[in-house]
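Each of the two complexes below includes chain A, the first together with chain B, the second together with chain C.
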Partner chain A sequence: MLAYALRRLLAALATLAGVLTIVFLLLAMAPGDPAALAARSGGARPAAPEAIAAYRRLHGLDQSLPVRYLSWYARALRFDLGRSFQDGREVRARLAEVLPATLLLNGCALAAALLIAVPAGVAAARRPGGRFDRGSGALFDVLFSAPSFVLGLLLLLVFSGWLGWTPFFSGPELGFRGIVLPVATMGLGALAFLSRFVRTCVRQALEDPAALAGRARGEGETAAVFRALRRSAGAFSAFAAILVPSLIAGSVLVERLFAWPGAGRLLADGVFARDVPVVLGTTLASGLAVVASSTAADLFSAWLDPRLGESRSGGAREGGDAG
Partner chain B sequence: MISRRFLATAAAALLFAGCGGPKGKHPESVVQRRLEGEPRTLNPILATTDPENVVLALVVRNLLEYDENLKLVPGLAERFEVSPDLRTFTLTLRDGLRWEDGSPVTSEDVAATIRLLVDPKTPALSRKSYWDGFERVEVLDRRTARVVFREAYAERDLAFVLPILPAADFVGRDVNTNPRNRNPLANGPYRLARWDAGRTLELVLNTQYDGPRPEPERVVFRVVPENASAYQALLSGELHEMRVSYEQKTRLDADAGAAARSLVFDDLGYTYVAWRNDFPIFSSPKVRRALTMLIDRETIARTLYGGLATPASGPIPPGLWPYDPSIAPWPFDPKQAEGLLDEAGFRRGTDGIRRRDGKPFAFTLLLGTGSELQRQIVEVIQQSFRKAGIEMTVRPMEWAAFTAKVDEGDYEAAILAYSLDPNPDLAVYWHSSQKAPKGWNSAGYSNPAADALMDRLRTTFDRGEARKLYGQLLRILHEDEPVTFLHYTKARWGISKRLENVRTSPLGLFLFWPGASAWRLGPGHAPL
Partner chain C sequence: MRRLPGAAFSAAAGLLAIVLVSLLAPLVARSRPWVENARGETVLAAPVPWDPDAVDLDERLRRPSLVHWLGTDELGRDVLSRLLHGARVSVGAGAVASGVALVVGSLLGALAGLSGGRTDRMVLFGIEVIQALPALVLVAAAAAFLPPSFLLAAFLIGLTGWTDSARIVRAEARRLREAPFVSAARAAGAGGGRLLFRHVLPHALPPALATAPYVLGAAVLTESGLSFLGLGTPPPSASWGRSLADGRDLVLTAPWCVIPPAVALVLLILAARRLGDAVTATGRSRMTSS
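Moving on, here comes the complex of A and B:
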């Protein structure tokens, strides 16, 4: 198990390094020069060439691409993520400001979605084709197909505009009222996925010969459902881990809409400004979150079903699927 | 166990925070303002973007200030003397000026700021160009400094619309990592009390300020990147000001119950379609004029801008002093335009497409993403051109990629907008020495007569004489139509009905004196 965990971790870190390299190269190849963009933000007239040269020197943009790439890695290994091209501040400090808010938002959204999706999925699985199954399916499909931006704006209009129950500008320091709308916007989008997945897992487990045998032994339906849930926990945790990247990506829009001071906004601003250190730093942080969640899900599955770990240690399937 | 404790702590934190309950109404004296993005710095020398400049406008004064008509008026400097050769400027600071910590503002601060600004290591992107040809700065006494330039420049005095930094905090220290960049020392009516990263900046009255005391005791700037959310907050009175879209302005006017009203005024913006002048189909002024005359700018102004734009006649909008109202914009006249195209050799074939030497009149126009309005305008233009036998393909591009193409001059046509500053000097945009990729003449326009006039204007200090020369220059640019000048646009704001004494200038609501420091908050209007 330990060897498996170590191999899994190494594979995940290799994936992360690959992702960072691709992001760096994409940013480097994308048209748009950070110095020229910064100079343009200065407004009405072109910046003096000396000012642009000073900006380039300051941010190491006068160095060759390989040197910039390697020096970023060398610094990152010492936990120094460089300084933002936009405001000259340490990327580490900027991430420390925004990451807690983003983690809180994503964590609460996932937890809220799970809290609703599991009972709803189970209820739908117990009476497939029943009224609840059809009703909840239709509702979740609507929620899933509504773009998160539209859904969020509607929530904002109703709860902040008309009812005045929630503030216009969300933030963790405002407590429940300050977090409920962005969490609901993100959680409702994930709900459809999760509940359908739970429904399928539980349905399959209930129709499994083992479940039929249990019922033949006189096992009650609740016990059968719990067993079904436990049996599908591995697949379920893997699925929840898969949702993490899409939640993080979705939080870019939601953070913007609710003026939520999170990493999504930092990343979006960084991409538009071609702010390489900020984009790499944010990618590293979100990559770590994704890797951590998928590794945890894998380890959880291996713990539930030790055959998984053994088969992998036998070399049946090397490499990671994180990222 | 640990995770349970962590969860319990987090839950308690959430509950306690929630126990604060709904916040009470804002105290009467707090102005709630919107920032479209977070300031990157509050070092006034390094500041470039709007969010930075509008916060700083209340925190630091300039040596000279623009008034609402863009005239230069005393700021920190009470006297400003210029030598007859326009190379030497002597500034005398007001007596009794203090930084927020009580220390005096002196000419040493002025000299240190200027030395820092011209230092090759300082990336002062928006200010350095005015200091081209700087020779030296001297401190004459505690309140007086003299600045000498190697050469004269007609608009040099605009360089002294300059905020200053405290020498004690900046001399001998790295400007780029200076702690004062996020914690500026105020010499203006307000000082920074709190900066909650990504969320709010809060200003309170600066008790050391010797000028008139603004009425609002606090100004809270809230970072709200999304226009739709900001607009809802404006309607309900949570925000007291924001820039609104044309569509929001119309909705605001129709909503009598809203806590805000609209405010429209001329600013220094204009939009245009750039034609690469060295691209064979655009090389003739006749063809460029024809393209302009194919576009119904009046209708676009009425329908797409909601009447808040007027057809442009050239690169100087009405808010700048050299504007010449006697030059009428080219009319919408498709018939005449088609005649001009025929004359230029572009004749319709049997398929209706115009061709010259067998080559069709076809090109690609670049459109930077982000402006729905520009996309609509381009659609209208495309239809008009198609009717006239011209094939225009539109290529939308992400903004950074778009500006890279424009800066390089690597395009055939592009739709663009300028927001000018009070300096009317046109050389940076239209002089042949400034052709892209070196400068901002990205259309690649070149006319020796126009170059000569722009050169003369650099050193023409007499306003009457300069006006005459500008008149000639604007006529040449009008005849040459290097680009299609589309519209002079108006600024649009949503303003709380509680705000009083809101003055406007071609620079907007904030970047002139007294700007937002003169605002008062009225007794209130009940939000919906």
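Moving on, here comes the complex of A and C:
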């Protein structure tokens, strides 16, 4: 188990190194002169050559590409992501400022989705092909296919426009009314994903010989369902890790739609302002989140089922892909 | 030909209809009439006689009517015409991106599976790294530094979407590497390229092609998000994601600007995914029954 954990952590670090390289390639790909762009910083006139040169020295842009790569790498390892072109503040500080709002949004959305997805998935799995199974399946199919910002726009239309229950703009400071629409938007996307998965897991477990043995011992259906849920915990964690990239993409869009002050909006605003350090910092943070969650999921699965840790290739990863 | 189940048929028909719309949009929705007489008078107008970019500030935010079937937007442009032309962006980007993804994925996957060893590890590592970054984030970050262009955005989306087909083709190629006919070809002196293109790829490709509808759906999803963020295809060309981004401020006053592109986008992605479900299910049942 320990050897497996070490190997898995090492692989995660290697992946992170790859992510860092890709992010740097993005930076190097940027055409034009970021220094000229930044030194101008919103002004209409092009900046003076001295200002550009000074800026270049300040941000180390006067060095060659390999040197910049190494120094950028070294700084990124210390999570020193440079300063925003827009306001000169540290990207690290700006990220720390907006991350709580994003975590709040995603946490609430996931909790709400789980509260609905587990009972719905279990109910669908108990009677495969039944009315509830078909109805919820069709509904979730549509939800699953709708881009998050489309769901959000339709929710805005209904609840802010026609019913007038919720404000048009959202933010954590507005309390429940300010948070409910963005959370519902993110939650509906995750709900479709999760409930399909719960249904598959529970159905498989109910058809398992263990379920038959349980019934032979006189166990009720509720006990069988709970066992099924418990048994799929490993697969569930792998699945939750798969959900992370789509949650991040969803955050970018939903936060922009609702003007939610989170990390997704920081990225979108940075993209618009061509703010290289902010874009790279947020990209890096999203890569970090994905790698961390998939590593955590693998370690959790291996802890639940030690057999996974013994296989050399890491069985949890393969299992996760199948889900 | 094998009969497709009903769900697959309706999904395929829906997808085909949207593709047809995107192909025919310049013919159906244009202000230039279909038939003119010698004096330049209209004999037969196009069914939707509005250009998608024709601004008419006197006709702003009109409700749906017989003149503008789906109403007009904040610049007086015909919503229906923009909807039809917008299909070109979504379908075109989806097609280009999934094409790029399938080509890159199958080549890298086949190469990795066939050669094994270090090449295999490198490709697998590349897949891990690409998958560690959400497609939308990666494409948006790249698009931020590049000139806005339809083709570029579609290519970038394709370059983030090749990982699944690479995995599938790699698994097939690994299986085929030891197959008798591949060994025979190798013994007969076939080189790496010939083995790859003549012997392995033709067999490894079908399972990857079966996932093409999924890849298409994912690409359309990413493109719409990119357009929604204001990146990708530059204005004024009509695109569903951009219409929806503009629609944020209109959702209270003019919902007719928002609902058509929203429904169209969901239908396109739904049709692609349903078709993917059906094709993979058919493939699975065929494999188990034979």
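In this text, the second predicted complex is superposed on the first by the 268 of 323 C-alpha atoms of A that agree within 3 Å, B and C clash if a C-alpha of one lies under 4 Å from a C-alpha of the other, contacts with A are read in each partner's own complex, and residues count from 1 in each chain.
Methods note: a residue touches a chain if its C-beta (ideal position, glycine included) is under 8 Å from a C-beta of that chain, and two chains touch if they have at least 3 such contacts.
These numbers were taken from a predicted model, which means no experiment stands behind them.
Student: For A:Q86, using the defined touch cut-off, is the partner it touches chain B, chain C, both, or neither? Pick first, second, both or neither.
Tutor: Once the two structures are laid over each other on A, A:Q86 reaches chain B alone.
Student: Figure out whether A:A296 sits in contact with chain B (first) or chain C (second), or with both, or with neither.
Tutor: After superposition on chain A, A:A296 lies in contact with neither partner.
Student: Per the contact definition in the header, classify A:L139: touching chain B only (first), chain C only (second), both, or neither.
Tutor: So A:L139 meets neither chain B nor chain C here.
Student: So, A:S246: does it touch chain B (first), chain C (second), both, or neither?
Tutor: Only chain C is touched by A:S246; chain B is not.
Student: Looking at A:L257, would you say it contacts chain B, chain C, both, or neither? Reply first, second, both or neither.
Tutor: It touches chain B and chain C both.
Student: When the two structures are overlaid on chain A, which partner does A:V118 contact: first (chain B), second (chain C), both, or neither?
Tutor: A:V118 sits against neither chain B nor chain C.
Student: For A:S160, is the partner it touches chain B (first), chain C (second), both, or none of the two (neither)?
Tutor: both
Student: Just checking: does A:L9 make contact with chain B only, chain C only, both, or neither of them? Give me first, second, both or neither.
Tutor: A:L9: touches no partner chain.
Student: Taking the superposition as given, does A:F168 touch the first partner, chain B, the second, chain C, both, or neither?
Tutor: Both partners, chain B and chain C.
Student: Which parts of chain A are touched by chain B and by chain C alike?
Tutor: Chain A residues touching both partners: 30-31, 153, 156-157, 160-161, 168, 256-257, 272, 274.
Student: What does chain A use to touch chain B in their complex?
Tutor: For chain A paired with chain B, touching residues are 30-33, 36-48, 50-55, 57-58, 86-89, 94, 97-98, 101, 104, 153, 156-157, 160-161, 164, 167-169, 171-179, 256-259, 261-262, 265-266, 269, 272-274.
Student: In their complex, what parts of chain B are in touch with chain A?
Tutor: 10, 14-20, 22-23, 37, 40-41, 48-49, 120-129, 131-132, 176-177, 181-182, 196-199, 222-226, 228-229, 232-233, 235-236, 238-239, 268, 398-401, 403-405, 407, 418-421, 423, 428, 439-440
Student: What residues of chain A sit close enough to touch chain C in their complex?
Tutor: 11, 14-16, 18-19, 21-23, 26-27, 29-31, 141-142, 144-147, 149-150, 153-154, 156-157, 160-161, 168, 245-246, 248-249, 252-253, 256-257, 267-268, 270-272, 274, 276, 279-280, 282-283, 286-287, 290-291, 294, 321
Student: In the complex of these two chains, what residues of chain C are touching chain A?
Tutor: 125-126, 128-138, 140-147, 167, 217, 221-222, 224-225, 228-231, 241, 244-245, 247-248, 251-252, 255, 258-259, 262, 265-266, 269-270, 273-274
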